[in-house]
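Across the two complexes that follow, subunit A remains constant while its partner is subunit B and subsequently subunit C.
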Partner chain A sequence: MTLLYIPERRAATPWHRLDPLTRLTVGVATMLAAVLLGGVICPLLLASVAVVLPAALAGVLRDVLRTGLLLALPLAVSVVIVNVLFATGTTEQGIAIAAEVVVRVLTMAAAAVLFYATTRPSELVASLQYHGASPRLTFVIHNGVAMIPRLAERAREVTAAQRARGLDTEGSWPRRARGVLAVAAPTVLGAVREVEARTLALETRAFARPGSRTVLWPPHDTAGQRVARWGILVALLVLFVARISGAPLPC
Partner chain B sequence: MLTFRDVSYRYAGASRDCLHAVSLDVPAGRVTGLVGPSGAGKSTLCLIAGGLAPRVIGGRLIGEMRLDDEDVSGWPMHRLAEHVTSGLQDPAGQLSLVADTVFDEVAFGPANLGLRRDEILERASTAMRQVGIESLAGRDPRLLSGGQQQLVILAGLMAMRPRVLVLDEPVAHLDARGTREVLDAVAALSGTGTAVLMAEQRTSALASVADSLALVAGGNIVAQGSVAEVLDDAATVALGVEPLPEQRLRMRLRAAGLDPALLDAAPQDPAPLEPRA
Partner chain C sequence: MGVSGAWLRVGGGLVVFVLVALGGLSALAGLDVDAALDRFALVMMVAIPAGVAVYALVEYLQTGRLDSITRQFDTRTLVLMPVAMALNIVLGTVVASALKVPIYLDSIGTILVAALAGPLAGAATGFLSNVIWTYLAPPPFGSPFAVPFAVVAVVVGLLAGTFARWGWLRPRRGASGRQLAVGGALSISALIVMTLLALRVWLAAAGADGIAPEADDGAFLILGWVAMSLIVVTAVGLVVLLVRRRDLAAAYILLAGGITGVVAAFMAAPIAASLFGGVTGSGADFVIAAFRQAGADLQQAVLGQSLISDPVDKVITYFVVYLILGAMATRTKARFPQGQYLLPAAADDDDPAVYP
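Now for the complex of A and B:
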């Protein structure tokens, strides 16, 4: 499964050239809108415009669809089983509800993967700092994004070390469960220690200094993008109000 | 110059002090080394000197810490970091992780200081040149060797142009080549007028750059002086401090009933071998 940043294939694509804050706004708004929108057609249209089109522009369509499917698959399968096999109404009703939920989950997963696959964590941090976010907040966000591959790498190292010392990570399920415990504890404790050490290292480089700091490579923000970001937020707000007031949706 | 006067420190939650009324001078343009057995208090002294204890890790500090005759005991961490910076043992654990290139990693500290962009670029370039890592500028710091990463960290600290640089076992994780590169960089840095305080278990590494040594044991500074004065003291070896190779040889000669002065009589610069016919 691809969970790391996918570098630009050719020269910078129009999508990659956008300010990361704009990409983040599109991603978060798509995920929220997927929840707010009803039916199957609306979320599909939303996914086409806000996920498929940008992913194609960025040259990562295949990766986004594949990873999005893999992420959504476990939840989608369970939703289908529960709604079709154990539906309180007719089977057709169960299928309709399952389809609605699956489309929403797929759209949300693909939107998250698109953002993750086209935005370097450092790019996002620089953009957020450029727009006035606190360094501590950006560091927390960055570590949230960068933590998954780092933890996976650490878990691989710990697994190799434990296997070298005779830990059996294959065979029956009870054995594997014992192996998971022996890997999980050092992985988590090691990660905590690493965070402590990194905190000291950041403090000594004036990371906690109040006031503005210099963004070496400012993001490519434009007036058009600023208008688009505000437009997306307003549209989301309108959708939310329409949804709670019971107004009919366009599709 | 960084000065400690009667500094005692107790970690948060501890029942007794870890350092007891320590007094030490770290003069500008010189490397002051800290030697001593494990658990003696070297790293704690480094944490205090770098301002991290008690400001970041907590605990209770008594005594006075002065920077060029100004009492800095009450300064907040971010203010002290503009003048005193610290390097720790594990190079990978010190990377900011928000930089994709070595250049950005080195520029991270100056950028935090809010300096003008052109000054940051100049400082980062100069620091990388001083440490000899210009060729790594575009590389991902996370993918470098431990020695290279430690040089990147060192360059990042130098780019902040500190008056005092504190290094806690900076070569602990490095091979011989990485050790040499870091020590050369430290020596070059002290030549620019920066005061360097460096704790190190590997005595031979420390002796090659230090101008003076302080022997730490049981939370006290039990001896101070030149490298030779401190390391030649029998009490130093008795505390478990690794002797220098020549010192070890003298001890073995003495134990074997031979006169260690034999070493002084040996030619320092042997004549070159005759070429074979």
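Now for the complex of A and C:
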């Protein structure tokens, strides 16, 4: 399975050693706070503390910044076009809006990239289960992630098979458009049909058994991390209440 | 478990949803939240979970269990959900970033699960799809901008599951001539209105100079062609369904897609406008630029784009799901929690025991 996850280059860094749930809390909170804060300076400060610092600690700063920029670039270009070139107000207003949105989008992208570049999905799933999530939920999450490359792979296989039978995938646009159905239908229907077999396989292995499961790789959770997670939640709540009750920007 | 018990739960959930929504709207009226649309999206985020929670509470008080909810999450559904989520993410990414057409096609899996398993299963699929899309999807499929729209996916799942529960997605072949005539007239006029709207916006966008600075005119025309052909194929497919196969389901698909699309537009537009300045990096941005060119402010432009894109997108999605369901074996469908409502009208005598 190909993942963006970047294997630790040295021994696990302090950031990698954190409970994945703590890292997820930091990531989600950063994205929410980037929205709630508004302005340009506040999100930049937030990004340097909650994204750049951990990324540097984990030794993935370059990758996080590069991928974050790449992800945010198309959106940033559109933001500038829509708000500056096609603005109804003055150009200054358009630039102010565009700057705010670009900073927000960059922060959100970098926060998401930091999380998935440093966390294996299986690690997060194990942590969620350790913290009491239902095994059914963790099954769905983990399988959903694993299914994405598998579905893409299946589409490639179907395309190869259909080409072997004479499907034209390199002709003019209308011709290629006609080929879409010949690839999409077997890909989707095959995946749906497989559900039946996998259901039987799971049922014979006591998947639906009630009760808790033993987690084989418990995460390194500590009292400090628990306090930090709750602290982050409380801070977010305070920020939310302050913003909707009209408090001025802190910076 | 009587019918009246089920009505009490649904009614209780709806009443609380409406109360929370109205209360929230009036409570936020005096506060500094940018626009009326923002308030709407914000309040929905609280009101929908509140409604679902009350539904669950009433059922627990009535029966001491949560059967109608847990029944929607049997093993079969839990195996289908990851497939559906992958479908959402892969198709959504391909359509948004590769094709750049102003529709999304990122809810086929959500509506498929909702139809087969029920509203809450559909809502869970939609929510998890958008969360995974942002936090866990492997490249090149990840998108940091999916997670704020999770609440929209939840609503799409809830609506689709409810419509399927009402039997809107079951084949209705062999309808009487009068039914076909009425259904056909309504559907075709709805199709014409939607096509005209889409065409008008597309022409406006194509006519404005410099909308797509990175893309030369030829590429832009091809993209428009792909979008229009998708719409045309769906329209033709629906008419074929109606006229050739005398299947009245086409009218129900249009109705379901239209309602879902309009509701989704009102939820998604404020999120896109206030978080991302109205753009999502997809083909829809061209439409927004066209509206702004015409002098609309940002909120109006985004809502206008959503009101055109979303119903078209959802009608296409429901149609694709209907085709997928049609290609599935009857016994496979019937084994899902809500499968009996997807079988042809004649086979259903409202007795689930027939399909164990």
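In the analysis below, the second predicted complex is superposed on the first by the 219 of 251 C-alpha atoms of A that agree within 3 Å, B and C clash if a C-alpha of one lies under 4 Å from a C-alpha of the other, contacts with A are read in each partner's own complex, and residues count from 1 in each chain.
Just so it is clear, a residue touches a chain if its C-beta (ideal position, glycine included) is under 8 Å from a C-beta of that chain, and two chains touch if they have at least 3 such contacts.
Every value quoted in this text rests on a predicted model; they were computed, and no experiment measured them.
In the superposed model, A:122 lies in contact with subunit B only, and not with subunit C. More residues of subunit A are in touch with C than with the other of subunit B and subunit C. In the superposed pair of complexes, A:35 makes contact with subunit C only, with no contact to subunit B.
In the superposition on chain A, A:143 contacts both subunit B and subunit C. By the document's definition of touching, of the two partners only subunit B reaches A:212; subunit C does not. In the superposed pair of complexes, A:204 makes contact with subunit B only, with no contact to subunit C.
By the touch criterion defined above, A:156 lies against neither subunit B nor subunit C after alignment on the C-alpha atoms of chain A. Once the two complexes are laid over each other on the shared chain, residue contacts for A:62 go to neither subunit B nor subunit C. Taken together, the two complexes place residues 121, 139, 143, 146, 194, 198-199, 202-203, 207-208 of subunit A in contact with subunit B and also with subunit C.
Those residues of subunit B whose C-beta lies close enough to touch subunit A in the complex are 47, 50-52, 55-57, 77-78, 81-82, 85-86, 88, 90, 93-100, 104, 107-117, 120-121, 153, 156-157, 160. Residues of subunit C that touch subunit A in their complex: 28, 31-33, 73-76, 78-83, 85-87, 89-90, 97, 112, 124, 128-129, 132, 134-139, 141-145, 147-148, 210, 213-214, 222, 225-226, 229, 275-281, 285, 288-289, 292-293, 295-298, 301, 324, 327-328, 332. Per the touch definition, subunit A reaches subunit C in the complex via residues 1-4, 24, 27-28, 31, 35, 67-68, 71-72, 74-75, 77-79, 81-83, 85-88, 97-98, 100-101, 104-105, 108-109, 111-113, 115-116, 121, 124, 136, 139-141, 143-152, 155, 173, 177, 185, 188-189, 191-196, 198-199, 202-203, 207-208, 243-246. Against subunit B, the residues of subunit A that register as touching in their complex are 120-122, 125-126, 135, 138-139, 142-143, 146, 194, 197-217.
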